[in-house]
């Protein structure tokens, strides 16, 4: 993204010129019969409504303007009923190539990618079981494409950690808890748990599309991430001569069972302590992220979040002890 | 099995000598304090109760006698309260090697294996899509071990087609119906349907153990047949250069979704007409087999079968028009 | 419908005069405070939006104009944002009697009614069991009102085959598959299956209202089609002296159980092979029709249909092998 | 039953001669190899175990002795571990004709049948709506077979009111509550409610077999009591010229919906106040009967009943205020 | 509410001046770009749409105008498409203190509060068990705050009896039915039932907020009314020396179990006859109220109500016998 | 328990004299008609079958001998079919008072009680929030009865930690994990979590009876442990002047919601991060205990445990890496 203002920093009266992502776009007709263009435009810092009242001001193909494309716009910031919006003087479709770095237009993990990759590498190095370490190195260190995708993908389309880098951040958070759980429940095989956490969602790099808006790929809809990653694991294991079949089975079992219940898409229930643990910590981490985000959400006010679909409930946002700045104190 | 009488052919007063499989075995004590051995012995033709009243007549290790082993027994057939049973004079544990051909001791498909294999080969030859034919040939013709296992395995532990050869018989029966369905619903891709039916349960050859009594293998319990066969398909596809990714996905989708609902162990729902069809025909074939068996069952009498766990209901056994010999007229 | 253009054939700039069905109708007020009339108008070939900006141009009673009535309109076709719409100069309520043949205004089966009735009669003639043939003749041949309604009704309000003639088309399609299934599973009583298929949904002729928009009748909502058709069967049977009670029970059982599960409105589960088969083939036929329609739907593009409520999933529209004209090759 | 002692009145040392119903019968073999006959024998007052140690004392066909037949026995009452049992000297199969009045051998309502029939007739007379009164008279007064069966049948096989006369007793109890409910909720149509209660379970007279042990008939298993009684109502209505269709629908709706939920076998949900009321009062009456019986049950002791399958819970038997004789104070 | 017209009594052309509650409030922009204020305004007698086309006519803080506050408005009644609406000349925020008696702005029970309180007191006096009477007096007579809240609260946010006084009306209606049920099922302890009914929903006075629009309090969302009232009961019992522990348990059991099923929020199932009865009568009373209201609803026409979320079905509004004035004949 | 051998240490041929708990007791009759007494006797170290062949050797009241009482027995250890059993020469009922220390007869936590209590006290001391510390001290330090019960009770009747001291051990284990989770998810209020864990199951001290065999108390069955502990918390809070209402609500919310789902008996869902965490860690800890116990269980052999009702599955007992002594390496 070239030099342009962030949406979050705009004030009434500002002029704006630059690229923005169209999240919604619709031609509407006023009661007088004149057409206008109503948009919701976003960059990674936020979004606002925008209107172009004279559609003759659109440059190029009108039909190229729809949801999920970039626009080049020029206009000024106005205020309506207490909310900022943008009155456009010009708008045109912009090809992806013009726009450059996409990540400036999408929500992204608060943790720097390089820091997360370094933490990941350190965890792989810490694995003492040579077979497990070999498998993790093959997938996350030596396979450059997968490593890159693993660092970029979100953890879900919308349920939790739905931002670029979210999959890696979610994985590392579970690994942190898993490390602690293995110190507590000493009967657990720590390396097996680490393998299970690393691999449990890696198929999401192919299940989800996240180059632009988040969605499901064909493979994601037809096969699901559990089937995808199961295949990758088996293929990677197949290239490691002598990899023990028992270990392969135990790892695959964790991956296949990590949704915890058949009706959530796991074809088998967790039947080993390691599989049970990975299921619980994965579920807990996703739900806590959702709760803390609802508590921190500055767009909400009052004791209760709005209804949260991922949790099927509202979240109680009042913290004990009640502090001034809830946004500071929550989650690492 | 060497030359010995079939259980089904025994009559009161017959002497018997030979190998039988112990389905149940328990040492009991009479009220007088004397021990005796109570057995349920079987061959492929049936089973009966047997008693050895003087345990000193046991040769060799008493503790080697338990469920699921073969015994060498000698005794005579008596009748008690209208049922035949066997009074044993001698009994000893018999190693598998002594027994020879196991299949004489297990329920087996009524269709000859060679006939079924020939039908299978004909169906594979009839596939016009070269990729699909290549995949099926690789798994069911060229892979001798899998071909042999596919001809031997039951279709389930106990729910339906639970006998040796049952998996192949069940597969061929669905294929027959699938052929007819493709002639009826002409929008269906017949070759894709054939592939889906052939592959939908092939993982049961590794999910189930059926060398002796029927059960689940470790891999069966930990991974399930859907995950097993998905891996095999991907591996076989990987050895066919140029195999179209779209086709691989469509085939895997049929396999992954064929249980029809998440809570039945399919991680995805059927989302193509071919996947939907395979699910319905598989389910229908299994349930019809159970119903017809309940209707034919000579051990039952009256209008109603006993409660059938696979169907979660009783089956109405009266046929319309009411005929003398229900056992003849049912199922091909 | 007198001589007027089909909606599907209209082009921008065309003048239009004729009857159209109002699917939606609402008086709205513009920001300036002037009222206008916004409509969605349809004939059997399609629908489009229409606007009447000056409500003084409405002839007759304004309040008579609402959803589900016919209108007589005059106007011209305009184009807005790539979609055709109609700008009305005049509009008035039109009584049903004026309109004439309703079927010109509703979606209708692609199969000619007479062809379907002939196929139906042939099937009834093919029944060898005299009692069953007698029952089917009484209901579908000799009862002229029921025969007419059976040829006209849709198979459902919106789930599948939701068009005039859909009930008959759906019934014949299941009968085609049932014929094939009886050739495959030879233990089935083919005549009993034929009776079950013919009768399983015949109550929909009274459960649904389909003279205009599709909905439920009072009897449909209070009793449901299963209770309705059960009564009709019993009444028809009552007029056939000597009809065997056993057969009456077996037929009623198929009808009562054909939804397959209690929670889907069947008071009993299928307990005979014939009842089981009818349930599966009915369910399969309805769902395949929905899938093929979603695949053929020209209003959609891309690999995936929009979310389909009848199937509770999206449908994968890409066919293997990928062809140019999917719309030709699907379903007979 | 001719002149013979009631089981409930037997004491240790008594001689006994007479007919008893065999609820269970099995030939067993002792550890010494001798056969004996073990029985559970009952009359309407109770049951006890019985043994015949020498099977040569059986007169007639040994195989005729099995569960659900009458036996003619001679023996003496002994006591074993605090419980009475019977040591038999003789036993033989007894044909039904010999036995005479069956009702002496089955549990029976505590309310006299004639009293209940009189109450029923009074209620029918109290109906002011002539159509409803006509329908009820046709079924319960003029149809002698149905009247007799309605007075004899149990209300369920085992869940509640499972004794002869139980259906009528249950129906009258609901009617009593319904009368009171209609006085309270004055918007209810009392006559419609009365019709619904009378008819809601009348099909049980054909769903259940209760001539001997309680079970389901073929029609009961294949169609269910709701379908049976719906047919009877329609048939009876058909014989009343001019019976209003609206009323027929409202009555049938109550009957069809009275199980309250689809998964409990009602094809439609209650959609009128009268249907809702009948569902609740029916359900409540059945469950209260089960609870009060569990509280009164003299075979139990302690605060808690054993697990009750009809309620899927244990019942708390302690009453407030705690009295000496719980058996007196409960239920009318 | 000072002297002002009721919404129900307004006619086209009337001038209006007074306080109204804003149920909805939104600033909108017309296609011409001018802002206007769209409102839904209500008093206890009804609601209507209102528009203020020139927002400069708003007095005071524009942002103070939002849903759930009172407004002081001046305008005139117009008619649009057959419905009355209000064209405002002036509007301003009004503080609660100005408005005076809130109850004039909310739906309220048709029964006078004093009459209901008198009935309640009579019922408490009729309790013969001194412990139970003492407990009820402590909560509903001696605790003035609770008595006042109990007389004011609705029975639910929106499901049934959702109006001021609804909780007391609902409670008294159940008590009426309970009285009749205890006369019918004589094994029931009437005083225990009375206690259970009185207490089963009393926690709703703290679970719900109903000073303005109806909603849940923090305690309501975090603890629920069952936990709230359980605590109050225990606290009140704690202040009555010698209160029998057995009785306390039986009362708490009724309260805890009155939702009847765990998934409806009862931590235990009803295990006494009294608990079972209270559950059924509570459920029945709420659902009947909803049904009768749907039948009486003058805003609806036709045989069927619109879909009712509380019942998850539509209600059949046609009454038998069909009368002219359904609104008169229903519910006491 | 006075000086007597532990059951686990008995060998064939040993004489035995002492007290044992009768887990099962039945008078049986042999085929010869002689009565004998069959028992299952236990102490904390194990159980074995016992027989008294001559019931005249019973001293005192025969009827006093039944399940759940102590017996004084004298006999010798024999071996039958590889298992030890006891042949009794004498037996008599023994009053509890004779037996002395009950805990010698029940399974007990492997962790010493004093050590656990010290750990508990340390954790309470570590709480920095004075209100929370005060509440925990009031219940677990100052209330001697509750402290004693909390140290003695099992965590469940049979599902997990079903042994004396199990509740405290389970609580401390969750606290250990909770401590680690709060270090990881820094937005959590650690003191609130500690309170929630301490209190979540404390009501089990009154829900369960564990003086003898484990069962439910009347209060347990009628109210459940969640209602019991909610009341205790409110009562304890009531004695701490100034305790903040917000904090009371947050603590009660954790307790009420800790079963995580309504159908598992929580009347509300977890709506705060702390409540969510306590639910997950509680559930995980119980299930892991069950899994590790199944893996360690010396009575089992092979890769798979028998079906485990608490988990509704079998547990895979093979550990990776496969070690000789699984029983050593598991769980702290």
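Lettered A, B, C, D, E and F in written order, each chain numbered from 1.
Simple rule for what comes next: a residue touches a chain if its C-beta (ideal position, glycine included) is under 8 Å from a C-beta of that chain, and two chains touch if they have at least 3 such contacts.
This is a predicted model, so every value here is computed, not measured.
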| item | value |
| --- | --- |
| Chain pair repeating B-D, as identified from C-D, A-F or C-E when over half of the contact pairs by residue number coincide | C-E |
| Between chain F and chain E, distance of the C-alpha-averaged centres to the nearest whole Å | 46 |
| Whole-Å gap between the CA centroids of chain B and chain F | 43 |
| For chain E, residues contacting two or more additional chains | 29-32, 218, 221-222, 250, 253, 271, 314, 316, 318 |
| Interchain contacts (touch definition) - all pairs | A-B, A-C, A-E, A-F, B-C, B-D, B-F, C-D, C-E, D-E, D-F, E-F |
| Contacting residues of chain C [partner chain D, same complex] | 218-219, 221-224, 226-227, 230-231, 234-235, 238, 249-250, 252-253, 256, 262-268, 271 |
| Footprint of chain B on chain C - complex, ascending | 129, 173, 176-177, 180-181, 183-187, 189, 192, 246-247, 250, 253, 269, 271-273, 276-277, 280, 283-284, 287-288, 291-292, 295, 312-316, 318-322, 329-332 |
| Contact footprint of chain E on chain C as seen in their complex | 27, 29-33, 35, 62-63, 218, 221-222 |
| Complex interface listing, chain F residues touching chain B | 30-32, 34, 36, 53, 80-82, 303-304, 314, 316, 318 |
